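The following blocks contain the structures, represented as structure tokens.
Here subunit A shows up in two complexes: once beside subunit B, once beside subunit C.
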Partner chain A sequence: MQEIEKTLRSRCAELINNGTCDKVIAWDRGEFFYDNSPATFACADCAQKLVYDCFCGANLSKYLIQYAKEGKTAVLLKPCDTYSFNQLLTEHRISRENIYVIGVGCDGMVDIDKIRAMGIKGITAVKEDGEDLVVSTLYGEKTVKKADCLLEKCVSCKSKKHYVFDELIPEADGEDVKENGRFDMVEKLEAMTAEERFEFWQEQLSKCIRCNACRNACPACTCRKCVFDNPHSGVASKANADSFEEKMFHIVRAFHVAGRCTDCGECSRVCPQNIPLHLLNRKFIKEINEFYGEYQAGETADQRGPLVNYTTEDAEPTAVSDRGDN
Partner chain B sequence: MQVEKQFKPKIVAFCCNWCSYAGADLAGSSRLSYPADVKIIRVPCSCRVNPLFILRAFERGADGVILCGCHPGDCHYSTGNYYTRRRMTMLFSMLDYLGVEKGRTRVEWVSAAEGVKFSTVMNNFVAKIYELGENVKLGDLRCKK
Partner chain C sequence: MKKLAVKDLNKFFDAISADQLLYMPLEKGGSVNYGIYSRGDKYDPTVLHTVKSVKDVFFPQCESMASFVTAGKKFEVAPIAPVDQSFTVFGVRACDVRGMEALDKVFLSDPVDSYYAARRAHGTVISVACSAPEETCFCTAFGIDPTNPGADIQAVIAGEDILFSANTEKGIALLDKVADLLSDTDDSAADDAKASIKEILNKLPLADIDLSAWGEGKTEELFDRPEWDELCKSCLGCGTCTYVCPTCQCYDIRDYKVGDKTTRYRCWDSCMYSDFTMAAHGTNRPDKKQRFRQRFMHKLVYFPDRYGMFSCVGCGRCVAKCPVSMNIVKVIKAMGGKNNG
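Coming up: the complex of A and B.
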């Protein structure tokens, strides 16, 4: 990735200099080495500061809504981010002419918490070394397998192929990942009894502090005014002792993006309470695939989503209750 | 002395103006009975009901929510209930996934001429809710585990 970073810096500077774009949306060093954050770079010199390493999990496509209104903006998109970009195009949230897409290669982003969970303390830096990560700590160096430290969304990466781009860095594109096991956990939950599932979700959703990070980071959540920001909505919009409200928020959040969620994994990645929100989204994706045919949001920019579509032969809602009791 | 508290379910029925609400009317004028536990809310079309309506009804204390609309193909707005059908299938499947009893929500197609069906549907649904008892899972629990 070191190489890619260098190429990206010089290429972005070049694009600004030759007038292709007047700014670049990319990742900048955050407060810590592991929290690279979205940022805009508006001059060739600044572009030298952009960062691309294994902590660039953030999906930059949503920022285009706000920052690509005027002029021409270049953006760096990983393969999974390109689905979100297409979805935003589908929903007319961004316009293609204003944006220059640089597809960046990706071999998985790292979750610092997974490294910490291995009992490694005092981490000062993490460097990639082929399949491994070299973790520098206050107490010396440790080497761990990168595959064991991937972000949840990368463990079940659906594609290394960019679905939209103007140019690619590096030039060779990847392939779709056929077997990614992304529905494994959903199936596990489905196999439980209703009581067990209730316990599972009550436990998870009770952790929610209603910071709204999941909503704010989601590239499919783009309403100008969210129903949960409406004081008349009957929802307190804060973590309270009412355990149902937590569920209402989560059901509606997931439902609202059903058929539009590209499974980019941002919600779970940003959740400070580590609630597996992707399991709600994936349930909808799985059901949509089963009831209405395979559908991948964001694969192209002109699809009609399954929940704004119908056939006269669709299953009745009783199909759910008829599935047997567990 | 012990006072036995009898369970009286609260049931919300969203009925579309053009078919099911008229069906309910017919049931009434034909003197067919359905339980008084059912509170009807008239909506312009079944597809007016967004998932939040249903969830909010539960939050405010409903024990069961039923949504009635024109038969598929007969929607006053031609296609509204086809969207309803997909949405509700998804919502019900999510509620099931969260561990909520499947019987608490239902969709039925009732035409303006089906007064008898309306009354049967409501009687059955209310019976089912009696069987399931009070809605605690989706109710306002006000406390965490």
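Coming up: the complex of A and C.
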């Protein structure tokens, strides 16, 4: 990763110097080593400060809506982020000609909370060492397997291949990950009785604090004014006034992004209460795959999603009841 | 000072909760928040912070204030009375104890908030010293001593034992109530435990954060600083920082209508939201920069101006939870100060 970071810094400086772009959206060093923040770098010298390591989980594509309106913007996108980029293009939220996409290689991003959950406290540094992470703490040093500390979205990574780019760093692109197991937990939930499933979601969704981090981070949630923020909508709610409301918010949101959600996993990554929100979206993706044939939102920028398209082969609405779901 | 074996904590909880509600950090669905203890629930002393602070007990995220029922031509208003039963809160950290002091300044000064005041009057708070502070902690920068957390009763875990000392009348009364479970011990019993915590505190990376750029009277100096433009850029405008914060106290009042019944409730609001303080003319902070700036200016300038104390307590929750890691520490440092480079 350190090699890539060096290359990225000099390449981004070069792109600013030669006029390809006037700014780069990338990650900046945080207060610690694990809390990199999305940031814009608007000069060649500034670009020397950008960071690329295993703590760059944040998907930068949504920032383009706001920051790539003027001038030419370069952006660093990991393979999973490129789906979101294409989806934003499909929905005319961003203009391709204003943006220079640097596809960056990724071998999985680390979730600091997973390291903490192992009982490792007071973390002061994490170094990648092959398949291991060496964690320094206020209380001594520990070694853990990187695979055990990956962000949820990286555990079930669907592709190491970039679906849109102007150039790649490193040059060699990865492949799709066929056996990613991303529907395993959805299948477990499907196998539950309706009561068990209700209990599962009740427990998870009742933790929701209505901070809207999931919505605000979601590259598919791009409404100029969200219905839940609109005091005139009649459903604007800043808190869950009852247990119905906490479910309604997330279910409405999952319906709204159905067919457009690329499964980038930002919703679950940003949730302060660790609600596995991605499972709702994956359920929709799985259903769409079953009813309309395999479909991956954001694979290209010119496809009509199955829910906004019509073909004579489309599933009849009775398909669900015929299937006998509980 | 009183002593109890940590393994016997459940007896202590059972005794307290026999005739009152006991709130404490409880795990639910993988996250730890304040919840109501029921027999058999486990307290995990290794969890430093709950996601939502103890604020949620005294100033709940959502609470009903009145209900209105329409029946034919009749219209009934039923106000919901403030809490009138005693309760206890266990496991509060020093930063949250200070956070309650900040909330007291707001809600207990004129006009007194009757809901909050009733909970403060009926609640007994047992704090627990932090045995393993995290790298995100910077309470010491605000003069907080996490080994002496204060509140009605303060507790320190020392090896196999938990040691209690009462600081107030309410605290003495509660320890008397469970006196059968406790044994006397020397006041110095906690010294070793406190000394080893202090050693860690000195090593905390944010311990020497310099707040001299902030405080009373700094509005003019800081309000138009160009740094705000860059700082706010990555902010998503979500409410995570405000909702996990132990001192953010802004709220909204809304109606929730189901059929003939309307419930008027109040809920936490967030200055990060686009409809925050929406008035007839619209909102007075129409863009992200203004909203972002408001939160930090409120904590570090306006609150000190009005109440003589910072309303950040250095708990580090926002540092750990911000989805894009844009937090108060970065903002504090961006405006200058020694060691803040």
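The rule is short, and it goes like this: the second predicted complex is superposed on the first by the 320 of 326 C-alpha atoms of A that agree within 3 Å, B and C clash if a C-alpha of one lies under 4 Å from a C-alpha of the other, contacts with A are read in each partner's own complex, and residues count from 1 in each chain.
Convention: a residue touches a chain if its C-beta (ideal position, glycine included) is under 8 Å from a C-beta of that chain, and two chains touch if they have at least 3 such contacts.
Computed from a predicted model, the values in this text were never measured in an experiment.
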Assess the superposed three-chain arrangement around subunit A: do subunit B and subunit C clash, or do they fit?
fit
One more residue to check, A:Asp314. First (subunit B), second (subunit C), both or neither?
first
With both complexes overlaid on chain A, does A:Ala172 touch subunit B (first), subunit C (second), both or neither?
neither
Three-chain overlay: angle at subunit A's Cα centre between subunit B and subunit C, nearest 10 degrees, stands at 90
Which superposed partner A:Phe255 touches (first subunit B, second subunit C, both, neither):
first
Applying the document's definition of touch, where does A:Leu138 land relative to subunit B and subunit C: first, second, both, or neither?
second
So, A:Val270: does it touch subunit B (first), subunit C (second), both, or neither?
second
Touching A:Glu203, do we find subunit B (first), subunit C (second), both, or neither?
both
Three-chain overlay, closest Cα atoms of subunit B and subunit C, distance in Å:
5
Intersection of subunit A residues contacting subunit B with those contacting subunit C?
203, 206, 241-242
For the complex, which residues does subunit A have touching subunit C?
30-32, 35-40, 58, 63, 67, 119, 121-124, 138-139, 203-204, 206-207, 209-213, 215-217, 225, 229-231, 236-242, 269-270, 272-275
Residue ranges of subunit B in contact with subunit A within the complex
51-52, 55-56, 58-59, 72-73, 79, 82-83, 85-103, 105-107, 137-145
Once bound in the complex, which stretches of subunit A touch subunit B?
189-190, 194-203, 206, 227, 233-234, 241-245, 247-248, 251-252, 254-255, 258, 280, 283-284, 287-288, 291-292, 306-312, 314-321, 323, 325
Per the touch rule above, subunit C residues touching subunit A in the complex are 28-31, 33, 46, 48, 51-52, 61-62, 132-136, 200, 203-206, 230, 233-234, 236-240, 242-244, 252, 254, 256, 263, 265, 267-270, 273-275, 278, 319, 321, 323-327, 329-330, 333
